[in-house]
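Each chain gets a letter, A, B, C and D, in the order it is written, and its residues are counted from 1.
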Amino acid sequence: MLDFLFGQLVATHATFDVVTLSDRTTQALAEDPWLAAGYALLGLAGVGGFLSLLGMALIYVERKVAAHFQCRLGPMRVGWHGMLQSVADAIKLLLKEDIIPDRADRVLFLIAPVFSIIATTLGLILIPMSPSLQVVDLNIGVIFISAVSSFGVLGILLAGWSSNNKWSLLGAMRAGAQFISYEISVTLSLLVVTLFAGSLQLSEIVQSQQDGWWIWRGHIVGLVAFFVFLIASTAELNRPPFDLPEAESELTGGFHTEYSGLRFSFFFLAEFINMFIASALAATLFLGGWMPFHIGGLHTFNGLMDLIPPGLWFAGKTTFIIFLIMWVRWTFPRLRVDQLMRLEWKFLLPVGFINLFAAATLVITKLYFFPW
Amino acid sequence: MAVKVSTLDERIKLTDSADSPLDTQEYFINMGPQHPATHGVLRLMLKLDGETVREVIPVLGYIHRGIEKIGEHSTYRQFVHLTDRCDYLSAMMNNWAVSLMVEKALKVELNDRIEYIRTIMAELERIQSHMLWWGVLGMDLGAFTPFLYGFRDRELITDIFEETIGCRLTMNYIQPGGVMDDIHPNFVDRVKKVIEYAKPKIDEYEELLSGNVIIQERLRNVGVLSADKATSLGVTGPVLRASGVPLDLRRVAPYGVYDKVNFEVAVGSVGDCWDRYWVRIEEIRQSMSMIEQLIDNIPAGKTMLMKPAKKTVLPEGSHYAQLETARGILGIYAVSDGVSDKPVRIHMRSPNYNNVWSADEMTRDSRIGDLVANVSSIDIVVPDIDR
Amino acid sequence: MTDEASPDNKQPESTPPPAPTPKPAPASPAPAPQAQEEQVEKEPELPKLVVDVCATIGELKPYASESDTPAVEVAPADLVKSLTTLRDNPDFAFSMLMDHTAIDRIDDGQFELVYRLYSISTLSMLLVSTKIPRDNPVIPTVCEVWDIAEWQEREVYDLFGVLYDNHPDLRRVFLEDDWKGFPLRKDYEDDFMLTLDVDKLR
Amino acid sequence: MSYIDPKKSSRSAIEVGGVPVNIVVAPRGATGDKREGLLTIFYKSVKSLLTGMKVTIGYLVRPSTVVTQQYPENRETLKMFERFRGQLRLVKDENGYMNCNGCDFCEKACPNGSIILQDRRNSVSGKSELERYLWRLDSCTFCNACIQACPHDALEWSDGFEAAVYDRRLLVYTLNDYAGPPVNHIKRFKKKAGTPEDRVEELLATMEPRHQYGGPTPLSGKGMPGVPPLKTD
């Protein structure tokens, strides 16, 4: 954990030594099973703690940012400037009565939020937050992420269906349609980056950007892919202006109308962590992840940039994209159902396809911006 | 003759949607009385076919307080304060309607000061009502930020009211025979300051919502109400004007000092949500220009010409006065027996009651999201519907 | 809160303040400057609109009571026909049913139904009144003439119990379907009605 | 699909029923032949979205635009406007004598029976005077009719707005501090020729103190679950 902050101060790129917790576990398994179990437990606890802490922090930030967009102060009572408001809310949610509607499908109603949070966690473990802070580094990382992120909609569909509430069902159906549609665009823009990087492994994708981020190097293509990814993943996150599955002014609360207490907080947490994952992914794929900002050839500048620890680079880039998503949320109104579908199938999808072809051409001709 | 009286249960009958190869069925769903988009306790029963709204059945009465019955037991002066509680966003215009009726019946001639104050107050009230509406429309369409911007600017106008009247929402300020209190010494300055502040804010509203392409897509060609249908449906106010009928009582049948000010009547051409939206935004601008024309010229004079403690008996017969509130034409109809100081029958021709039924006409065969936009663009205040 | 003296939400019934002169003194007898075309002053001769309307449509008679609006009377049987003519005749073109309500004339044993028509093209207003017996309050509907009549008539049915023949959807609008009685009738009473009993409080 | 420029409204003058009316017609965007190309629409749309984002970020970066007031903390600086209708109270002169003589005008003006007056006859001066002035905040609508109706300027609003209590019965106030002659009666009694000093003393002695919650409250002061019975004097 220490080297997350200080360890890579004088990192010489090309020789990053990525040792993840899962790697350590695998190594230790042969010699000392207890150590392996310790590593695994540490990983689990780390992910769990990180999940809830990150969720609470994001909720606080969202409330503060929203408040200042709206000439308000936001939470101010609990702790200094309301820092502990999320903690208080979490306690409140934990202590609340867990209401299960009388005519609901009990089993599905209970497990639906768990589906959501599991999908989120699975996505989170793949994110390379710094050279040494990554739980698992799968060689099919990109595919894995896009697979598990579509797993989350299962929780939403089940929640809406099992609530036995017409509003919930409407919300769930909207969510299903929306996820299936926008998943395509997300994948198309992920493919652009994998084409560029020549790898599906997230750590390698990060490494491949040491001469320049993909958003720059791919001429316009990278930029277009980045924006398509941002729009489509905002839609996948159910965040305004694409929050139709919840759409509180239309569907009262959509798929989680009937949820309360802990189970509601699972959905809530999953939504915010998903936002983090999407932002982190965007940062990793397009903005170089934890890679410092380098301009090919300028060694002095690059050296100075290397002084900033990679963890901070990653955090900064992710925060920027999270802020962008929040900014959009607190500015724009919501689209209508058919307009949402039109945007995907008639605009984003063709653009994504053309962009993919352009990326392929670019890769074949090796016409990158920073060819050295 | 046997007249069939039906009930709500008989009204909500389902039919199989015929033209679908799949085995689908229409279903009813309650939007309200507690629902984020229905502005209070309006209950809409929606007949849905998937996402498509087939029919909207408003079910009213959740805050029916029998104001007309109470009015039969109270004097005219007491009735004035009940009208505050109907359309609370046009509270002073409601007061004015009753006062206008009483003054017309008694042939009380008011001095210019009273008329000026009343007109300025009514226009301020209209601005704050439309500002709130703007915010709520934004919230209904999913943008929460406009809601707070609208409220923020509206608060400054309610500050003006509080300084002169002492109340922010239900003022009971305009009384038969004048106004309750003279304007506060700071009134003129404060109004000028607020108008100066609010003018750029309206441009900002335009930048934030009107110019936004999502809003335009959400509003344009949604909930079209043709001029003939609107007239037949008896809608008034911005909803009627958006359909292209320039019926604004302030212009065509002036009361107060509306005949002394220059203003333009904002109308639409199609009658969709966008026209209704734009008409209200333009009305804020027009109201501001009206106030600017009036605020410097308030003449001197008494502000109350009828003694409050005196018994007010209207001459025998029926009396009617109407004016343009922020939501449409409000008519007060009173029947007096010429002896009692309480009316035999007092009836409010409420703009909201007549407007709300157009939601069905607007929304048929469009989406739930359109319904929300339509209800929001009619700008209903439920207490005025139920009275 | 079951204490015997908890008169919440009372219907105010306070007596009028002692007035030295029962006759209100208008400041000047001159008509108000904002008098509109339709707000013709009460003069012995009839307003022009009433004369015109009565001349065109034979069923209409000038209104017998006092009214500050040009007003005509019609028999219930001729109501729909004459209102349709009033809407369709281009001279009058009463395209809006501004208001429809009832007055309980309990002393005469009648309901007076009032239709307030408004014309956008001439900006004139006409009050059409018709009277039906209180014990058999049935009247043909005018839903076919103006769309809004459907709901304005429902309101009158709800509060007065006037039955509209051929109404497509005659049911309560404010009160519940199983409500007994019609509140705006003068003889309406129910168990929940509260009256202000000041003496009880003293 | 086209983009509407909200500023492009058209003006004209028409006549409605013989009255000239200037109208502004809402903008509709390009239609028919003047249809915009896809790229133009795309450019204008993106620009409109960015304009909206500019507005919101403008407020985020300027913390001075925050309008929130932290209520209990700003009690010191929170000043109500002078005409603020807070709570009803009886006007008192410098000696603590009230103006109200219980003439019932306010009670009759009150639209919802929130004011209940009880009178008594003074044994010394023989005049009718106020015994108890009951004001029900719970049913008051703050319409100002009582103050308007008062012929003696005996009523006014205080700026107290923190009237929340846990028991509704505590919202029934006895407004007068004492039952007895108002300041007018005392003055006139003193002025009356030949009134000995001890007679004035006797008049003042008829005053009885009244407690804020001391009246025969409409709920008769009974206890209810969780609330102790109301104390009456």
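The rule is simple: a contact is a pair of C-beta atoms (placed from the backbone, for glycine too) under 8 Å apart; a residue touches a chain by one contact, two chains touch by 3 or more.
Here the structure is a predicted model, which is why all the values come from computation and not from measurement.
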Exercise. By C-alpha centroids, what is the most central chain here?
Worked result: B
Exercise. What is the distance in Å between the mean C-alpha positions of chain A and chain C?
Worked result: 64
Seminar exercise, completed: Whole-angstrom distance, CA centroid of chain B to CA centroid of chain D, is 23
For this session: Would you mind pulling out the distance in Å between where the CA atoms of chain A average out and where those of chain D do?
Result: 52
Problem set entry | Cα-centroid distance, chain A relative to chain B, in whole angstrom | 45
Seminar exercise, completed: Touching two or more other chains in chain A are residues 69-72, 330-332
For this session: Mark out which residues of chain C touch at least two other chains, giving numbers and ranges.
Result: 12, 14, 16-17, 120, 123
For this session: Indicate the residues of chain B shared as contacts by at least two other chains.
Result: 74, 78, 145, 152, 208-209, 212, 214, 217, 247, 252-253, 309
Problem set entry | Chains touching one another, given as label pairs in label order | A-B, A-D, B-C, B-D, C-D
Exercise. Where on chain C is chain B touching in the complex?
Worked result: 11-14, 16-17, 19-20, 22-24, 26-39, 42, 65-69, 71, 95-99, 101, 103-104, 114, 116, 120, 123, 125, 127, 138, 146-148, 150-152, 155, 157, 159, 163-165, 167, 169-177, 183-184
Seminar exercise, completed: Note: in the complex, chain B contacts chain C through residues 1, 3-11, 60-61, 64, 66, 68-70, 73-75, 78, 103-109, 229, 231-234, 245, 247, 252-256, 259, 305, 309-313, 315-320, 322, 329, 331, 333, 335, 341-342, 344-345, 347, 349, 353-354, 357, 361, 386-387
For this session: Give every residue of chain D touching chain C within the complex, in rising order.
Result: 16-19, 105, 107-113, 116, 118, 134, 138-139, 149, 168, 216, 218-220, 222, 224
Seminar exercise, completed: Per the touch rule, the chain D residues reaching chain B in their complex are 1, 3-7, 9, 11, 14, 16-17, 19, 21-29, 44-45, 48-49, 51-52, 54-56, 67, 81, 83-85, 105, 109, 111, 141-145, 148-149, 151, 157
For this session: Using the touch rule from the top, collect the residues of chain C that touch chain D in their complex.
Result: 1, 3-10, 12, 14-17, 119-124, 196, 198, 201-202
